[in-house]
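My questions all concern the structure below.
Chain nomenclature is as follows: A, B, C and D, assigned in order of appearance, with residue numbering initiated at 1 for each chain independently.
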Amino acid sequence: MTAKQKQYLKDKIHEIIYEADTKPGKLFDVILLFVIIASILLVMLESVDSFDAKYHSFLNISEWVITILFTIEYIARIVSVKNPIKYIFSFYGIIDLLSTIPKYLSLFLTGTHSLVALRALRLMRVFRILKLTRYIGESTNFVRSLRRSRVKISVFLMFVFILCIILGTVMYLVESGNGSGFTSIPRSVYWAIVTLTTVGYGDIAPITPFGQFIASLIMIMGYGIIAIPTGIVGAEMTKKDRDRIPTNTTSCPNCAEPYHRDNAEFCHQCGSKLDD
Amino acid sequence: MTAKQKQYLKDKIHEIIYEADTKPGKLFDVILLFVIIASILLVMLESVDSFDAKYHSFLNISEWVITILFTIEYIARIVSVKNPIKYIFSFYGIIDLLSTIPKYLSLFLTGTHSLVALRALRLMRVFRILKLTRYIGESTNFVRSLRRSRVKISVFLMFVFILCIILGTVMYLVESGNGSGFTSIPRSVYWAIVTLTTVGYGDIAPITPFGQFIASLIMIMGYGIIAIPTGIVGAEMTKKDRDRIPTNTTSCPNCAEPYHRDNAEFCHQCGSKLDD
Amino acid sequence: MTAKQKQYLKDKIHEIIYEADTKPGKLFDVILLFVIIASILLVMLESVDSFDAKYHSFLNISEWVITILFTIEYIARIVSVKNPIKYIFSFYGIIDLLSTIPKYLSLFLTGTHSLVALRALRLMRVFRILKLTRYIGESTNFVRSLRRSRVKISVFLMFVFILCIILGTVMYLVESGNGSGFTSIPRSVYWAIVTLTTVGYGDIAPITPFGQFIASLIMIMGYGIIAIPTGIVGAEMTKKDRDRIPTNTTSCPNCAEPYHRDNAEFCHQCGSKLDD
Amino acid sequence: MTAKQKQYLKDKIHEIIYEADTKPGKLFDVILLFVIIASILLVMLESVDSFDAKYHSFLNISEWVITILFTIEYIARIVSVKNPIKYIFSFYGIIDLLSTIPKYLSLFLTGTHSLVALRALRLMRVFRILKLTRYIGESTNFVRSLRRSRVKISVFLMFVFILCIILGTVMYLVESGNGSGFTSIPRSVYWAIVTLTTVGYGDIAPITPFGQFIASLIMIMGYGIIAIPTGIVGAEMTKKDRDRIPTNTTSCPNCAEPYHRDNAEFCHQCGSKLDD
């Protein structure tokens, strides 16, 4: 094989794998999507004991087939890309490697239980194919608001967490020692989180009247503060909006009118040319 | 019966069935509404074993009466409409047919269990009578925001779903094998969805301290991301608003640029005078 | 007692009962508030069997004391008001009567169980004293938005209800007959409401994998549509806002500038007088 | 030690403890943060019976070490601050004292159970170090909206509470006496709060069909009114916005009217020319 043929093959593979607009590229994406989803379904089914007992060899063979397909894809990606080192250490490069190796590792390791988590990482690869982030990304204003309110929401959630530790301690003092589930502070804190977030399993629930009274206060409080995360994002959004009302900062050189549309070339008040 | 009489009868039926403004049309709508609600109540009561055992023949006869009434209505609709084919294959045409035939089908089929679902479809017919969509439709700005954010909300819900698969797998690894409900990955994913959406049945709940710690993180995360669907709709709504506020409807007589500031006197693009 | 003395007494009682600004009026309000809250606490404690068994006679005497106090108040209100008939048939007049008579009725009736509900109505009287509606009423813009979106929210809740009937029927078909709680359609509908509103008791929960899959879809759907009531109110609020941006509709008679502040007397663009 | 040396030492301690910008000040903050978190973890672990039984002496010694560290810090704070009395009775001064003394108190008191709550107060000290309130405080518009809507949200939560008392009483009448958990009105009110806030433990759940029907109505109502707290905050936020947009900061040189439209050239009140 000449260097030219090699290069042609490399370009062809690159086109199939990395480009989604050509026909073989699209076909590749669709097949890969199905293989990934099939692989996730197999991981799930394997964990169902009754299914695993019945179809163990089928699951084993399928997993080998998928592993080999992923291995071929991984090698093809390295071969065809211009900068293989950069790909290997990129986010998706690491995901690709980790989601391929579990079956190989299971040959050497006996306790393969935790390798299941690695196989679940395959799901992340769906994002690359579907380019889902693009749909969210469109609404740049909302995403920017979300990003700027990230710190505030984290601080809010930390407040909630600290609140839950204090409330959990109080409930432990009130409820412990009478047969209810509040056997230790960590469990009581867990209960406070379950309650304040309105999840409410009911595996731990207050049984003394006073405990139920405090629990009621916590729930009503939780109902009141659920408006806060929405409010934080909303506040950022209106702030952004006020900033973005479509004006540009050029003042008119003739009449000094300071507010113009972003794409204005002439002053809307006196008609003279604006300089950019 | 002459063709003229036929036509008159057809027009009369059409008026009664399809028009809600005339007196007989209104009466027809009210009666139909009561028959539908009665029919749904009968379907519900039939499923209550103790009630079915006691009043089986009453339920059977009632269902036949309702079926016959619906049959007459269905035939009348076909006869009186101008384009019967179009009606038969329209959304409500199919709903009408499906909600009429279950009793007839039960004569030929033995396992009539799943026909109950067809009968529940009768509820959809309530929408045609009450024209409920009209009330929602009024708020066109909100509906348009909802429609435009439909894709984003779907993508968000898909993110939530994928997140739940990954979290469910992690919880399966942490909790499985110690008597808690996390017996398989699908069940753990089900638990993750129950938790993240703050439903929280409690049929499956973590029992190890580490599992409860991860569950707490999931709940607090769920509490934080509940602001996102609201935020998406809100972002679309303010976007709409921003577009509407600072434009006036005058087009420039010179360059036809349609968007100008509310108080513009000169076109911001070509500098020519705008006429109010 | 002369007619003048009578009138003086009547005015004095009126001042004490109906006016909150004078010193005796304030004192009366505070005492009444405490009597109402004490009365509600007694109703609650009476329902606790262990407490009722121990302090039955105390509860009985207290209830008589409160009933007599309320009777005196009721008579005083009728005597001192200008239009007694109007008061008696007003909202609070009926509440006052109903919350006074239960103990008298218990002399004639044996099954006094349902009279408890009448006594709970006493709580409504708290609103009159605290004038709570005033605090909410301040934010007129929000209240107006809420009132205008009332129809839409009702329609939305009706949609949710119809959705729950259909989903409940589907779950009944999937889950019934394998020992889970889905024993009838009404129960399944109840479960669907419990799930979609993210309450999630767990008294009924799907046990088949397919049932859990459908339940997951319902939960994720519920998580998505929780944005709708907030969105409806929000849409009304921004609509209102757009309408209210403080402009008045007078155009300047000199330069025809159409946008002015609500209280403008001179045109802000050319300085000529505006005619109202 | 001369007075000058004393003063130097005092200044040095003040710098370390109260200033976060210098190097030793930062180090002090980081160490203190770790000690506090370690202390909270010890409080939690102590409440876990199995852990306490195994490592009782370790926990006891650790608690003494932490208590002595906190004592030194408390004394250092008093010594180095300019106004010790003011510090001692300040919010954080009281928190510091209360979180230091539990171990000393346990020497004199036998039932040290409730001292655990005092030790949980140590968490509050985290706020001083991290200055978390600063992050929230940034978004002044949102915080101001939150503060102004505090009264309204409290009134709303009080409405919810009163609603729950009435609904709880109704459910008690419907469900009591048939083996369900509705054994008294207080318990029924507790259930109503659990349901309306969508927590839903399931420790108490209606079992009669009519009870489940009322419960369904309560849940759907709860789903509808969850928009209210968000709406209240949102209304305050848009109100703020409306006030801010259409004014410019120039006062009229003639009549001193301070509010003008952004593009005003003449005063809208007296008609005199505005200078930009």
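Assume a residue touches a chain if its C-beta (ideal position, glycine included) is under 8 Å from a C-beta of that chain, and two chains touch if they have at least 3 such contacts.
By chain, with names taken from UniProt: A, B, C, D = Ion transporter.
Worth saying up front: this structure is predicted, and the values here are computed from it rather than measured.
**Student:** Same or different for subunit C and subunit D, when you check if over half of the residue numbers at their contact belong to both copies?
**Tutor:** Different, since most residue numbers here occur in only one copy.
**Student:** The A-D interface: which of B-D, A-C or C-D repeats it, judged by over half of the contact pairs being the same residue numbers?
**Tutor:** C-D
**Student:** Round to the nearest whole Å and give the separation of the Cα centres of subunit A and subunit B.
**Tutor:** Result: the chain centres lie 28 Å from each other.
**Student:** Identify all positions of subunit C at which a residue touches two or more other chains, and write them in rising order.
**Tutor:** Only 156, 186, 189, 198-202, 226, 230, 232, 234, 238, 259, 269 qualify.
**Student:** Which of the residues in subunit A end up touching subunit D in this complex?
**Tutor:** Answer in residue numbers: 151-152, 155-156, 158-159, 162, 165-166, 169-170, 172-173, 176, 183-186, 189, 195, 198-202, 205, 209, 212-213, 215-216, 219-224, 226-228, 230-232, 234-236, 238-239, 242, 256-257, 259.
**Student:** Across the complex, what residues on subunit C touch subunit A?
**Tutor:** My answer: residues 198-202, 230.
**Student:** Can you tell me which positions in subunit C touch subunit D when the two form their complex?
**Tutor:** Against subunit D, subunit C makes touches at 40, 43-45, 47-49, 113-114, 116-117, 120-121, 123, 126, 132, 135-136, 138-139, 141-142, 145-146, 153, 156-157, 160-161, 186-187, 189-190, 193-194, 196-203, 226, 229-230, 232-234, 237-238, 241, 244-246, 259-261, 263-273.
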